[in-house]
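Here the chain labels run A, B, C and D in written order, and each chain numbers its own residues starting at 1.
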Amino acid sequence: MAAVRRYLSSIRTDLLAACLEFVGTILFLVLGMGGIQAAAFSTHMEAAVEEAAMPNYPQALNQFASVEQLLYISVSMGFALLASAWLFFRITGGVFNPQVSLALLLSGCISPIRFALFLIAQLGGSIVASYLLRVLTPGPLFVNVGLGPNVTKAQGVFVEAIATSALVFSVQMLAAEKHRSTAIAPIGIGLTLLATHMFAVVYTGAALNSARAFGPAVVSGFAGDHWVYWVGPTIGCLISTTLYSTLKQCVTSSPTNDSDIIAMQS
Amino acid sequence: MAAVRRYLSSIRTDLLAACLEFVGTILFLVLGMGGIQAAAFSTHMEAAVEEAAMPNYPQALNQFASVEQLLYISVSMGFALLASAWLFFRITGGVFNPQVSLALLLSGCISPIRFALFLIAQLGGSIVASYLLRVLTPGPLFVNVGLGPNVTKAQGVFVEAIATSALVFSVQMLAAEKHRSTAIAPIGIGLTLLATHMFAVVYTGAALNSARAFGPAVVSGFAGDHWVYWVGPTIGCLISTTLYSTLKQCVTSSPTNDSDIIAMQS
Amino acid sequence: MAAVRRYLSSIRTDLLAACLEFVGTILFLVLGMGGIQAAAFSTHMEAAVEEAAMPNYPQALNQFASVEQLLYISVSMGFALLASAWLFFRITGGVFNPQVSLALLLSGCISPIRFALFLIAQLGGSIVASYLLRVLTPGPLFVNVGLGPNVTKAQGVFVEAIATSALVFSVQMLAAEKHRSTAIAPIGIGLTLLATHMFAVVYTGAALNSARAFGPAVVSGFAGDHWVYWVGPTIGCLISTTLYSTLKQCVTSSPTNDSDIIAMQS
Amino acid sequence: MAAVRRYLSSIRTDLLAACLEFVGTILFLVLGMGGIQAAAFSTHMEAAVEEAAMPNYPQALNQFASVEQLLYISVSMGFALLASAWLFFRITGGVFNPQVSLALLLSGCISPIRFALFLIAQLGGSIVASYLLRVLTPGPLFVNVGLGPNVTKAQGVFVEAIATSALVFSVQMLAAEKHRSTAIAPIGIGLTLLATHMFAVVYTGAALNSARAFGPAVVSGFAGDHWVYWVGPTIGCLISTTLYSTLKQCVTSSPTNDSDIIAMQS
């Protein structure tokens, strides 16, 4: 009886956490993708669209953005994550990202049930955010991700993988590890997303997060390269998790090294 | 007798707080709206004005801004709030926003008298800031807010509502709740305003604050959509307050969940 | 004898502090004004110069800058102060600004001797930084400040005064007052300078600091409006000091209010 | 026997630290230089390239960048260092820079063996990051550094020296010194790199780090001015180390001054 009650209570907590994850993902993506949509909507847009020789993917702004628009997108996404992760950090951890959830599952921080609920919440949140943006702004939605001109699918996969590994590693090092600056981890995680966008956004749109790629595709159509945004970030998650586990093992396997490494904190 | 004295003392404190709120609102809006005015005054302005086919609302820069000007406006408003909230945070809380005051009233943090005094201080501060900008800068004032091209009033109301709910929620989660990073709450609140501007500024001008919309309208004229900036942010305040109350109830109603949720802080 | 020794020791400390102030001012202004010089040197510059109808003040970039250059200048100056104030904060306080020194003198934080030594160090540091920039970069120096087109001298004085009062107030509230976030005061002060630049740079060049205006003028020539950059910031210093003193008096005169105001820290 | 074991254990720790330095350098430079490559790849690029009359150094973007691209580069490099230094800070100190290592060697923080291993790791990491960027992005690599138009080699050396001295000094003051804000030193160091880039990037490309200059040159060719990026940053390291040592001596030589200086922390 007690075991059943405990199980139900744990399910209830998981459901509550997933609800918050759903709301947080909507907030993150309405603000972040809303910035992308805004960058596409400025008066300089029409010229840029005509200039662009990309009739196949009209809905992915990153494919014909100017350097000003790339900066605008990076700042929007970075500070949207910084803000929404900060607001939800003390409650659910502010994940908003299936690949980050996967890393937390692999390192035993969350259970498989919570991972599954979070995945549904994140994909659902991204779809809702995309619909909201389509309804709330005039004109078509421009927040899809797509490979930039002349970027091959293999390049796209590895650009997504490397950038995602940095993002996941920031969650592992700043939030999952407990230390004096854990309280400001959302700042570090958001600014890591900003830094990764500055690199990746022009080549792949910088999803770094399958939910962020999935929602807009549901609303404005899947492109042939959509799988890139599932394979790439997942590889990145595995790279980061491998690095993180190796690191923890090296540090804990030899107590001498441990103190030495801590002494290295210059 | 003692009750009267206590009442008078409390009124005196409320008046002092309202005076500071008045000064702080002037500082916030002179800097933030000053940045908007500056973006309109740069040498590229004339071309942009001629380019724009918006004779009806000549005073709202957001309606014909380039992506560079949108970034400039967002950074100005975000860092103006970050700075002025930080300076006044330890004294009055640095509200500067009727919808944030309303949220504090609804959750019992401030009394109805203080809310009323703050409202007067905020509206007055915004009017003074707008007059200062008109007197201190050459040419007409460009800091009104207005709906962007093809943005319907319903869209405007909900863009304002969603963006305001994020701002109000940031005050509730970062400043009203006490925890280790409360001292740096103004950073989180200012950067949340930055993130919301990146999304909303091109569509509605991103008031997120009826006082910020009201002051410039007093100085350079009310547009037909002015009510949007009272209804939208107030809806946003209600959304955020509902979410915040639900959250507090869920967490406190079940002690088991509470600790569990806190354990989720990854 | 002991008094003489104490006096000499205090002079020695003052001289050491002034030397550091000299080095810190050079660092701040080489980085900050170096960013202005860099913005003027980009390949788009020539067009902007020809476009500009301002033959009288060819050396003040702010007088014909595009909105991108205004952002570049603001970010340069803001983060240059953030960085250099952070580096010198624990040693001399990282003032680099005669008007901030004056505020510290008026509130009794520094002695008149130290104020005088700091003034010499700040003016000298600004001259050295300006010479360094002229020697280290090709072409003429573009880092003078000057009133923007159609900006009257009275407007210039009050724009400088208001912006300087915000900067000085940030030093008084964040660094002079001791509290939990004092250690990160340089972040708040630097970002306040960023916010004030976003407003003031296009109208006056945003000196907010007579030393910052004086050094480049020594190197590339004084304009007829140079006095604006002594009168304006000094008025700003007095505004901020008056506000700060009033505030301290209100809070300490009535202990009841004090606790009440602290309870308002939401 | 024990001595040998201790020696071997210390070598093992050094090797582990060097491996992490290698990984961290790759992360820093893939993100930071990736942002430069992205700025070169935007659709406005072709016009800029044709506009530029610089056939000799086609691979150094900083030599013909617009002010928007300069901002993009500065933000990319600054936040890439902020993020990667934050992630690796608690483990190896997050150096990623031979001149910073040299400063740590000179002040006795690291041993000569560790310096040598770090140098190999940093140069190797930069080469790997450059190859990764060439393989992962379409078109030629644009991340070399080079002297801007009309910038002499002597100017280049001293621009690099001054900017590097600021960066090295930030590591010495924020990370090597222990105090209340040491935990957030990576923020200060990253933002110092941002501030130095705003100044130096248009004149020299702002290497401030011989490894950052060396890697791309191995991949896309050495220019005749490559030595500038070894001599300049090393001079900067010596300037900063001299200043830092003098400062420590002044403060510790006279206990009276010490407390006085600490009392100056306003």
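One rule holds for everything that comes next: a residue touches a chain if its C-beta (ideal position, glycine included) is under 8 Å from a C-beta of that chain, and two chains touch if they have at least 3 such contacts.
As the structure is a computational prediction, the values presented were derived from the model and not from experiment.
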Q. What chains, if any, are shared contacts of subunit A and subunit C?
A. B, D
Q. Is it true that over half of the residue numbers where subunit A touches subunit D are used by both copies, so same, or is it different?
A. different
**Q.** Computed distance of Cα centres, subunit D from subunit B, in Å
**A.** 39
Q: Could you please state the distance in Å, as a whole number, between where the Cα atoms of subunit B are centred and where those of subunit C are centred?
A: 28
Q: Provide the list of subunit B residues touching at least two other chains, using ranges where the numbers run on.
A: 66, 68, 71, 184, 187
(Q) Output every touching chain pair, sorted by label. (A) A-B, A-D, B-C, C-D
Q. For subunit D, which residues are in contact with subunit A within the complex?
A. 9-10, 12-13, 16-17, 20, 23, 27, 30-32, 34-35, 37-39, 41-44, 66, 68-69, 71-72, 75-76, 79-80, 82-84, 86-93, 95, 104, 109, 132, 135-139, 171, 175-176, 183-184, 186-187
(Q) If we count contacts the way the header does, which residues on subunit A are in touch with subunit D in the complex? (A) 48, 51-52, 64-68, 70-71, 74, 78, 148-152, 155, 158-159, 162-163, 166, 169-170, 173-174, 177, 179-181, 184, 187-188, 191-192, 194-196, 198-203, 243, 247, 250-251, 254, 256-257, 260-262, 264-266
